[in-house]
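Pasting a structure below so you can have a look.
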Amino acid sequence: MSTPPTAGGLSTAAAWRRDLHAHPEVGFTELRTASRIAGHLTDLGWRVIAGPDAMPPDQRLGVPSDAELDAAFHRAEAGGGDPRFLPLVRGGHTAVVATLGTGSPHVALRADIDALPIAETDDPAHPPVAGGFASRHPGVMHACGHDGHVGIAIELAERLTADPPPGRVTLVFQPAEEGGRGGAAVAASGLLDDVELLVALHLGLDLPTGVVQPSNDALLANSKLRATFRGRAAHASLDPQDGRNALLGAASATLALQGMTRVAGHATRVSVGRISGGTSSNIVPDTAEMLLEVRADDGDVNADLEARARAMLAGAAQMHGLEVDVELIGAVTTATADPAAVAAVAEAARAVALDVVDAAAGSSVASDDGTALMRRVQAHGGLATYIGLGSTLPSGHHTRAFDLDEAALPLGVDLLERLVRTFTA
Amino acid sequence: MSTPPTAGGLSTAAAWRRDLHAHPEVGFTELRTASRIAGHLTDLGWRVIAGPDAMPPDQRLGVPSDAELDAAFHRAEAGGGDPRFLPLVRGGHTAVVATLGTGSPHVALRADIDALPIAETDDPAHPPVAGGFASRHPGVMHACGHDGHVGIAIELAERLTADPPPGRVTLVFQPAEEGGRGGAAVAASGLLDDVELLVALHLGLDLPTGVVQPSNDALLANSKLRATFRGRAAHASLDPQDGRNALLGAASATLALQGMTRVAGHATRVSVGRISGGTSSNIVPDTAEMLLEVRADDGDVNADLEARARAMLAGAAQMHGLEVDVELIGAVTTATADPAAVAAVAEAARAVALDVVDAAAGSSVASDDGTALMRRVQAHGGLATYIGLGSTLPSGHHTRAFDLDEAALPLGVDLLERLVRTFTA
Amino acid sequence: MSTPPTAGGLSTAAAWRRDLHAHPEVGFTELRTASRIAGHLTDLGWRVIAGPDAMPPDQRLGVPSDAELDAAFHRAEAGGGDPRFLPLVRGGHTAVVATLGTGSPHVALRADIDALPIAETDDPAHPPVAGGFASRHPGVMHACGHDGHVGIAIELAERLTADPPPGRVTLVFQPAEEGGRGGAAVAASGLLDDVELLVALHLGLDLPTGVVQPSNDALLANSKLRATFRGRAAHASLDPQDGRNALLGAASATLALQGMTRVAGHATRVSVGRISGGTSSNIVPDTAEMLLEVRADDGDVNADLEARARAMLAGAAQMHGLEVDVELIGAVTTATADPAAVAAVAEAARAVALDVVDAAAGSSVASDDGTALMRRVQAHGGLATYIGLGSTLPSGHHTRAFDLDEAALPLGVDLLERLVRTFTA
Amino acid sequence: MSTPPTAGGLSTAAAWRRDLHAHPEVGFTELRTASRIAGHLTDLGWRVIAGPDAMPPDQRLGVPSDAELDAAFHRAEAGGGDPRFLPLVRGGHTAVVATLGTGSPHVALRADIDALPIAETDDPAHPPVAGGFASRHPGVMHACGHDGHVGIAIELAERLTADPPPGRVTLVFQPAEEGGRGGAAVAASGLLDDVELLVALHLGLDLPTGVVQPSNDALLANSKLRATFRGRAAHASLDPQDGRNALLGAASATLALQGMTRVAGHATRVSVGRISGGTSSNIVPDTAEMLLEVRADDGDVNADLEARARAMLAGAAQMHGLEVDVELIGAVTTATADPAAVAAVAEAARAVALDVVDAAAGSSVASDDGTALMRRVQAHGGLATYIGLGSTLPSGHHTRAFDLDEAALPLGVDLLERLVRTFTA
């Protein structure tokens, strides 16, 4: 069975957070993470749905290769994954939906569980290093705070277990939020279709500890693409003219994409984040892969940017005599919070003595595919919002020195517990 | 001890060639290859100099990382490397210089020993596949014919051992010819400074089996560079302006390099063969690495191209707020054959009933850092030339389906034996 | 003397607007325009300061060549310029500052007077074509509405002349607003240093006729640059390597500039609007000129964009072995309206039955170097604002089919008259 | 009538050369030039065919606009054009074919007559400046030596008139050689179909005065293209997203074209010689024009380069949402000299005491659409060659300081006279 992680004087939230921080797993490889969550909530008496039933496999985007999934399985097996659930989540089926109680009202809370392909700093002053819970997985890091989201949810589950509210509470542990690859798939499970209030919470977002933002205006839609240019290999000196250098397609496309004309009056983003192709300088490379994304504060604008990106990739291929395949590997929509949900969160926040700021606070403009869950709940008549929970950060999200202020964790538990108890009262 | 590879009815040259073909090792990792060569020639009674004495370590270019060298060592240790010599060549000191006899005349023959980072085809009709000697090292392949060069040299050594000529014969087994990384270093050993005739032989080169080209006009000088752009990471949506995308430097430089204005009246080449940078689309990549090369049929022109390439890399960095480090990882000079050496080869060729073609035959225009050995010998008063030995090829050099015509191997042994015996007579 | 233009049943504002529309003059060549304005106001009894005293010559940016200025002079001389003032404004000294009354309160109104290098449509349905007042100067057009601004100011002057208010009223006729080349220079004259209320009015801005916007949030700072790449000419076939193609610098810079990483949370713009270089395909061009601009809703951000643009131009030059000269040919700051000024305008607007909208109305985000005048007045203790005056447009600003709704002209005169009389009361 | 130009102690060749040098006319605008040639040869008693009969109008490439042709006509009319022939050649019909004698043998000599769009240096030391015959047409210059070609042909005509050889001699004065726009059209006239020996002579070509090259290996095929990108205009700040910036197509295409992978074993060239688009920085430009060319020493390779250039232009348009029109404005083939023609020229050269060098001498590698005339003659059974006539140059062809060594002119006349008299003897 899955025992509570570490102990000392740490709260459950902090203890879980530190354990996950030390064992980060990127999207769809959260096998240790998901199996331990599922095991612990099962032990607490919650009804747990994990694996394909919680996330239709063919709705996932950007699933890693079988080799990567297998490697992750073996690592989780050897590194503390819960053997009761590992077989179920193996193969990238790492969603866990856990429910306490029955009937109505039905409140659901989303916690995302994946880490990022970032190498954590080894600076001795970095608290995870100093505290002995830095990432043990080279090149992978909880650099966005999802470890804290899980910690809050687990401690909340323990409190609710101890004193169950009326109605129903569901905790949604969603994989692969980074890249917008898991949210829509979990939504497609239908498990949230009778939820009456869904809350997705995110730590940080440029808000200081002690502050709550009951809804967030700054969520962008996005589309993430993998483009693979295919040309023809040749010896770069003997027969260069027989080659078609796939990297030329990537280079031309990169400059064009980066220069995509922006849309006045809208927040937009374009980013080429990875290029990889070729082996040595004397071989004309026949393949080059790019990872790129567009974002916008409006779904139609985002769709226009994506269409233009695809035209740029096609044009770059044509310029250099190449083929190009473009695969959508992540997609996030926008969502709008319901005023009633916002009001409920604000009221709960004030009740637990947190400062409330409005939806425009914080300068962070990012994406979260929790919006897919929000839209699903709203489409079935429920309310939804996206909460920013302040946590003073020494270094920004997605950086090597990112760290949570753990003082924010109990505030998050308090807030959500109050929200649940008020809404289900 | 190092026993002769396989047997059957194969000649020594073919047997060695097939054994090496099955165990290809890229430049400076030719540990199994070099140790077995050194062991076998020692067993034949030749004086063998291997390791750092045969190649001053600090003269090498583009040496792999310690991790790669260590991995190669463990593979060679487990896979048939000669334990008497493995410790000596460990760490990328894979040159072997073996001498029979003393005094003068002194003839030297160069055989290069490295393979390429190319994945061999698995087409069942490909003779190495059909014959069971396809590469056992994924992603590495003898796709240029160096395995045949070693086979010819070993069989020649056996014949000369059996009936030693007067004077002195030296076989130079040179690592890391691909990329122009080992030749100048072996030359710097000084071991060839009293050589009176040096011959470097290459199979193929668009010449059919049965043909010999006693010198080759088409060798290009080249410079190979690794450029590393360094920028600043950032979240691509939250704080894009804090990032400096290293891939933009690589993309701008690639297009500029590819478009370097060519020099009328000279054969020139420019190639960007590899770009790698970044992890995911939502992280502004802080590092991007490029591998590139320039070539020209004239050393000064090559130097000008290299200077312009460096200016382009610097300019690309400046454009995008990046730093760039540029490292020379390979360099090849041109060389001119001595007419007396050419005549001696032609005479030997005719004596063994091979067809002789002139220096302009074959359309291949490539580089070979055997030119560094040629220039060293010539600088000390010796003669030198570069021989093309015909071998009808089903697929060009540096392609996945490259294969030698093994019928060319005994012709090469005959040619070199005749040349040695005539020159030392 | 300068007689009132045309007549018919047209108001003074419309008559002047049509006359100027037919005789458009680009920045610093507004010789006919400025001389006629100066003449008419002189005839009305206003104190007129024109020429260098109204605009220190060395403060101007982007002044046309002497040849262009001379051509403009001859055209104005032959085409209705006022001979009393033409000598004074000749050479690009086309500012006119006219004052009625003395003492305090001192109200100033800015009208910009220049046209654009755009060819007006010849569509017979285009009102200026149908009405016979389309541009008579090929390739030049009042496509932004400055003709209307002058018309409003002139009719206002006539009304004030007929019934002078207490205190002082100054009309500032500013040249070269397009491109941000004249505003700061007029401010530097010091003629506005004791102004207590400055209003700059612009027609259109996506606001319908009948609407007034008493201040405008959407003015961007900008910097306009002319970059001239210089390389070396050569015959493109005989000696291409002797050339340094200036167009390559322009092409690389264009893609880099267009791709300048944007700043989250700020409205920004980057535009390359012109490239010109070379003569024929067989001559390597030694010169290429670019016109480009950056804009931002914050002066510091704009300065950062400009700095990055300069780095890109320098890097592009270095990449291709070129020199580059970069000249600032236009610059606009941001400015913030004073609430008391905004309130005064809103009150005047309501008093003349116009609808008042807030500072965020209209989607237009552009620049106006009237901000330099605003900042100058504010720095000396005065109030200032920038008014949008609705005019329903059939085609956007800076397009070939742009046309004003002339019904907006008397509304503008009424508004400004009321504002002046109220403020000076 | 057309009188001999100037006088002094100058030879006819030098006098004509200087007159034409002072009055240069670019391709198809050689109205003064062609009319004076036609007039003078008519006066000498030759049969002159000029205008459309000498060059089928629809076979011409890259004909200037009607406005340019008209302007050229008026300049020629006012500046010494021969009124007897100006009406005939007006409109770009500037070929002149003049014949003396009848029957066979039939020898033809080609002289090209057009100048270049280059501004001549005003350096006082430049001989045309010092001698008072520098270009009087700003921006146009005889910078390739065609003025000398005409001078030689005219003096040859005078000598042959004075002492007519047996058989027939035809002088072909071909327009628009620069850019490869007139040669194929003159060939299509059929007027040379019974020529038995055609010689095209070019001065300079890196050969010193006193040297003759009876054939030239270094003529390249070429294709010259005008690409026009069309996008959509917009205000660069108000509505950038509504624009499609045509300059982005030109910039991307320029970098791609410049980087076209070259063909090992062939001399090739790619050049972008002109880009023009846009007006000011704040208007997204809707049109951009490029002039470019490819060349190769083999017609098929040239065709491949042209095809790839067209793909690059199309791809660049697609990348940026543009349309692109590509027009062939010049085309030149390769041609091979007949050994018998080469031998005849060499013999004549030696007979007049000139040094003879072989076809590879000189490093110049360029194009000349005299090859179309050569191919036409050869296709009908005649012989042809292309002669290089040495002329020591202070500055290369197509440079602002280009100047002929006039000492070469009488050598050319002597050579051609000897060739004609020998061949027709």
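Should a chain be cited, it is by its letter among A, B, C and D, assigned in written order, with residues numbered from 1 in that chain.
Simple rule for what comes next: contacts are C-beta pairs under 8 Å (C-beta built on N, C-alpha and C of every residue); 3 or more make two chains touch, one makes a residue touch a chain.
On a predicted model such as this, the values are computed, not experimentally measured, just so you know.
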Compare the CA centroid of chain B with every other chain's and tell me the farthest one.
C
Of A-C and C-D, the pair with more C-beta contacts is C-D
Distance between the CA centroids of chain B and chain C (whole Å) is 66
Could you tell me the distance, in whole angstrom, between the mean C-alpha positions of chain C and chain D?
48
Two or more partner chains touched - positions in chain C:
237-240, 245, 248, 252, 255-256, 258-259, 261-262, 264, 269, 363, 365
Mind pulling up the chain D residues that touch chain A in the complex?
237-241, 243, 245, 248, 252-253, 255-256, 259, 261-264, 308, 311-312, 314-321
Residue ranges of chain B touching chain D (in the complex, touch as defined)
255-259, 261-262, 264-265, 267-269, 363, 365
For chain C, which residues count as touching chain D in their complex?
116-118, 178-179, 220, 222, 224-225, 233-240, 242, 245, 247-248, 250-252, 254-255, 258, 269, 271-285, 288, 291-293, 295, 330, 363-367, 396-400
